[in-house]
Amino acid sequence: MSGALVFAWSGVLLFGLGLFGFIAHRHLLRRLLAFNIMGSGSFLVLVGLAQDGRGVDPVPHAMVITGIVVAVASTALALVVFRRWYRASGRTDLPEDT
Amino acid sequence: MIGLWSVPLLFALPLALGILSLLVTPAWRPRLIFVGLPLLTLASVDVLARLVLEGPRIYELGGWEAPLGINLVVDGLAVGMILMTTLVASLCALYARVYLRDYPASSSFFWPLLWLLWAGMNGIWLAEDIFNLYVGLEVMGLAAVGMVALRATPQALAAAMRYLLAALLGSLAYLLGVALLYATYGTLSMAGLQEAAAPNATTHVALALIILGLLLKTALFPLHAWLPPAHGGALTPVSALLSALVIKGSFYILMRIWLVLGPEVTPIFTAQLLGVLGAGAVFYGGWMAWRQHHLKQLVAYSTVAQIGYLFLFFPLVTGTGPEAARLAWDGTLMMLVAHALAKAALFLSAGNLILAVGSTQISHLVGISRFRPMSLFSFGLAGVSLMGLPPSGGFTGKWLLLHSAILSDQWWWLIVLFLGGLLSAAYIFKVFRMSFREGPQIDRSITPPLTLDVTALILASASILIGLTAHLPLFWLRLGSAFGAG
Amino acid sequence: MSLRLVSAALLCVAVTVALAWAVLDRPLPEENLPDRVAAAMPESGVDHPVTAVLLNFRSYDTLLEIAVLLLAVVVALALREAQPDQPEAMGLDNPLLRAVMAWLLPLILIVAGFLLWAGSYQPGGAFQAGSVLAAAGVLLRLAGVTTAWLDNATLMRAGLALGLLTFLGVGLLVMIPGAPFLTYPLEYAGTLILVIELTLTLSIGLTLISLFRLTPPYADDPDEAREQAGKTP
Amino acid sequence: MSGLLGATALLLAPGVPLALGVLWGVPRLRRHIGPIAPWAAVPALLLALFGTPGETVELSWLLFGGYLGLTDTTRVFLFFTALIWFAAGIHGRGHLAEGDHCERFCVFWLFTLAGNIGLIVALDVALFYTSFALMTFAAYGLIVHDQNEIAQRAGRVYLVLAVLGEALILMGLLLAARATAVPLLPMLAQLPQAIAGAPERDLIIASLWLGFGVKAGLPLLHFSLPLAYGAAPVPVAAALAGAMIKAGLLGWLVTLPLGFVGLQHWGVIIMLTGLFAAFAAALIGVNQKQPRIVLAYSSISQMGLISVGIGAWVYAPELGPLLAVAITVFALHHSLAKAALFLGTEVVRHRTRRPVLWLWIGLGIPALALAGLMPSGLVAKASLKYGLLADAPVPEVWSYLPLLLGLAAIGTTALMARHLWLLRLEAGRDEAQPTAWHGWALITAATVLSILLLPLWGIEVPWMAAVGGLADALWPVAAGLVLAALAWRWLRPLPIPPADVLVLLTPLPGLALRAGQALGVTGPAVRRVLRNLEAKALERYRRADHRLGRFTEQLWRRDASLLFALLLAVVALVSIRIA
């Protein structure tokens, strides 16, 4: 077992934890955090699996950078919608969710 | 080589227009369509002409060959989707230009979102690279979320938030699937994957992640919950765009990846499961649509139901003979295009009816047939296609799917097709019965501008025409696919 | 502990196990993309492979990624509430922060510049530099410093659009000789990438700053929030 | 007709009404389309008169490719269909060009007409089915045109049965098409042979027989006919009873495996059903109180007689040539006569308060024709008998068929007598919409004269047998008239509702009503209780449906991510297991 798999497995674990958080929580901010944890998990898998003894693979690194930017943008967008929703309704969760 | 301009223009042009519309004053934003629509139509038609004359091709962005660079695939399927997008989005844009005059606050930011959405969709249709598809999905998905939120009412915000959460979860699952596929095959290009794909645990798990991620974005039952509030509650042109085009994006990716991985890799169990979920969608969506009291909610649930038909593609194409698979391909694409046209028409004409009576309640439509026969006519024509009555596109699609199901001895899908048609007839006639009934509720109606009626009518007629002349489009759609041009 | 949570936990464990299995079972790829990247490096115009992938081999991804960022800003603009911005409302009344800012700001700018420049031969690049720039903007905002040009909507929007427009323009311009979209001619590749990176850095920084600034103001009390919301139609 | 001209005529026949219907979409033109709508059937009429069977047009751009053309049989069908639509259109000019909702009426009219003509000239299955469905569904708009309770109910029943019929037809056609050489573009002409050899032969025949039977008024699938004929505007009823009912017959003729294999069991089933229809419909019909509904039952009865011919053909393929002529002649005769009778119902109401003699002569002609005394009726009945009794290995029982046909004619006579009697009661009773009586006159004349056209088209009509059968035709008429006179004097009609068995399909209210009456409770009281119960049940159902809907919606919404994880786990783990 190579060290690389440790990273990938950590990524998998983060993804699983994030998924649980995403399901379990109702508070939208927490769900967003869970989403970001899942995202980190995927990025870790992406980078972790690329180390297979043939040197560093720059492609996953580039993909992860793109992925991070996309995640930042999505999170920002979600925060905007969330804040506006909170101000309109005073709720931190979605209706019909509880 | 000038002709190759049109391929990158298909996404570069909407992107540029998106930026431009952000820079000009709000009054000028709607007017940009008079530049954009002709140019995009020209580019789409040029791509089609080249496809027909010169055959399918690969476009190497940056001049880098596929696994290193990103390629675009210009085959029949991609071009078909591009033309469909151009037609539907152009008409929706024309509709929106008039419709949004009543919503000045929302209208100024509708336009940049529309162009970015368009760029994202064209990016998806052309993409040959599974990671590029992820970015394209995000562009399309976030633009769609933004459009849903445009109204900024509490309902719209909640719908947008729910949609966003679903979209984010779906994208991440897809991304993880892509990560696993890259780790296994060392390539992101579909052509490379097609060559290398082999059945092993990693591929299967990756496929599961990709499927589920895309299902969530396509809103297949039972993961459809975000769709009705988002599509039913948005501004009318937004609903039309979302229902007609956006959900097709993720389905399209799923279809491509399924075919790329090939019958050795894609498990029959999953195919049948997708078919069963599709059948569930047809029944559940139909039932819910029938129960609705709000016109646009009814149409939104009808989308939930119609998505189900598309997923019959998977059981019909996996592990069946070449003839059945070809029919399934033809039928699914016909259903997809016909639904795009009919659903856009249905939403637009529903918007017109709502505008005319000033209420979203179906029960308030009593007697509207006397005042707005044209809006009702478009609604009916589109309904004909959704019900699958001849000679509409919906009928042709179902006819082909029926043949495929019979040929592959999967008669149980026939029941879905038949009962689904009856259910759609039930909810379409529910609207009709109300509008033909004479009642005291209204004695006059507001007359919406002619543009609104005409755009809806064009789309509705197109959904019928595509069924009448199905032969040629289906031939083009097969160009460059595994089903040959036979 | 409800049934829902238990089943959620079980399902997540199942998903994790399946994923772990997939990771373990992975066959090594036959395709060797790193080799291809290494072979193509001399034609890329930069020395760092990640930057080469980001801005040359897979520059189309980056283009769309910038579009995603822009999208977030558009939505934020669309959802901005009608009430005027109150810059001082965001500022923390903290003299120390203001004092430190005077020292930090030049440093931050230098770091951003360095990151941008470093991108061509070592880790770094437009996004990293842009983020650092944005951090400076956020700090300024927190310190309650208002700068006229940051509040100028037209200028701001031009800055936001600059990166994507340049990127698109370069991509389309290189097509004039007949090359595909985004094909940099070898002799200009380095320069073009640098120009793109520069404008991208600026736009990314501005994008992140405006996302921060455009977020609807925060109200601690839900009732108060509802009240405010009620006032703005 | 030369090739190009013939091809143009073939295209114009269904194309003109279709094009007019599409042009209706332009609001500015609508006003002008109404007045010319009656003439939309003229190209088809000209085609029927002057076209040559055997000519075909290929429409390669349509669906999967389509073919139009005429055969010897379809030419006759096209003739009377076009003529009836034309006459009904002239008659109903008021509906088409003025009056309430005339624009809507006009567009449905044109599309129904286009479908009806299209299905006759179609040579391939797809076009045939498409036209059939177009006609079926567009006709819904015509039936509910008056928008009162009765029309709504008739429309509802019609729609349910039509959808059922369409589904059955589609199933049959699909299964049959599968057995042909080109499953995607099967030609109608290939269907009978393909069905004869198909493994699912019985299933296909059953679904086609029942599916087209909805249109052709097969017993137990016939409810929509009396309801629709009674509720629709008169010209529509004429078109429904004259032309569209024959579309069902044409469906049988072109799809069932007639003349390829002898299918004894199917032959017996179809013949028995036909005989049952012939008698039962007459018995129910004479008890009706509305002229148009009496006519509807007469149609069912007459279609039953035609069914006997079809059944015989299925039974003994050798009889084919003779029976083909008989069925075609019978169809021609019945459609024209029935259309004339329907149009007459309105003419008599509007024309005068005290009907004059010539009017009654005109009304009597089609009635006499149906009873079998006019040349057309005589020829039709004679040729049917002639066909049934031809030299073929058939069972001994068949020799009783002429007697049965004679008995059926008694029923027909009684129905006609009842109809004319009711008409007399209704004459001038209320102000009907002014109508153009030219249409009625045209079709009445055609009832008499069209039989002369048959020899021109090369259809061998057994004139001699007809003349010889005159005596045979007289006694049922005489008997029928005597019966009618007796009934008029001493019998009161039974209270049978227009949709007869449909009422029995919802047996509970009826039974409860009977039981209540037996116990001495009055009808209204029982009805009130029943209505109460119904309302309560409906309310409870509504509440349950609401609760279920809200529950499921909340489930999908609240637990979307949980469902996502569940599906992900299932798909991933199962596909790993499979790998």
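A, B, C and D are the chain letters, set down in written order, and residue numbers restart from 1 in every chain.
Following the convention adopted for this analysis, a contact is a pair of C-beta atoms (placed from the backbone, for glycine too) under 8 Å apart; a residue touches a chain by one contact, two chains touch by 3 or more.
Because the structure is a prediction, the values reported are computed rather than measured.
The most central chain, judged by the distance from its Cα centroid to the centroid of all protein Cα atoms shown, is B.
Look at where the CA atoms of chain C average out and do the same for chain D: the two points lie 70 Å apart.
With each centre defined as the average position of its C-alpha atoms, the distance from chain A to chain C rounds to 16 Å. Rounded to whole angstrom, the centroid-to-centroid distance between chain A and chain B, based on C-alpha atoms, equals 27 Å. Looking at chain A, one finds that residues 8, 15, 19, 22-23, 45, 49, 59, 63, 66, 70, 73-74, 77, 81, 84, 88-89 touch two or more other chains. Residues of chain C in contact with at least two other chains: 8, 11-12, 15, 18-19, 21-23, 26, 29, 32-33, 37, 58, 61, 65, 68, 71-72, 75, 79.
For chain D, the set of residues that touch two or more other chains comprises 553, 557, 561-562, 565, 568, 572, 576. Interchain contacts join each chain to each other chain, per the touch definition above. Looking at the complex, you find that chain C touches chain B at residues 18-19, 21-23, 25-27, 29-33, 36-37, 40, 56-61, 63-65, 67-68, 70-72, 74-75, 77-79, 157-158, 160-161, 164-165, 168, 171-172, 175, 178-184. Chain A makes touch with chain B in their complex at residues 8, 15, 22, 28, 31, 35, 38-39, 41-42, 45-46, 49-50, 59-60, 63, 66-67, 70, 73-74, 77-78, 81-82, 84-85, 88-89, 94-95.
Interface residues of chain D, counted against chain A in their complex, comprise 553-554, 557-558, 561-562, 565.
If you check the complex, the residues on chain A that touch chain C are 5, 8-9, 12-13, 15-17, 19-20, 23-24, 45, 49, 52, 54-59, 61-63, 65-66, 68-70, 72-74, 76-77, 79-81, 83-84, 86-91. Contact residues of chain A toward chain D in the complex are 19, 22-23, 96-98.
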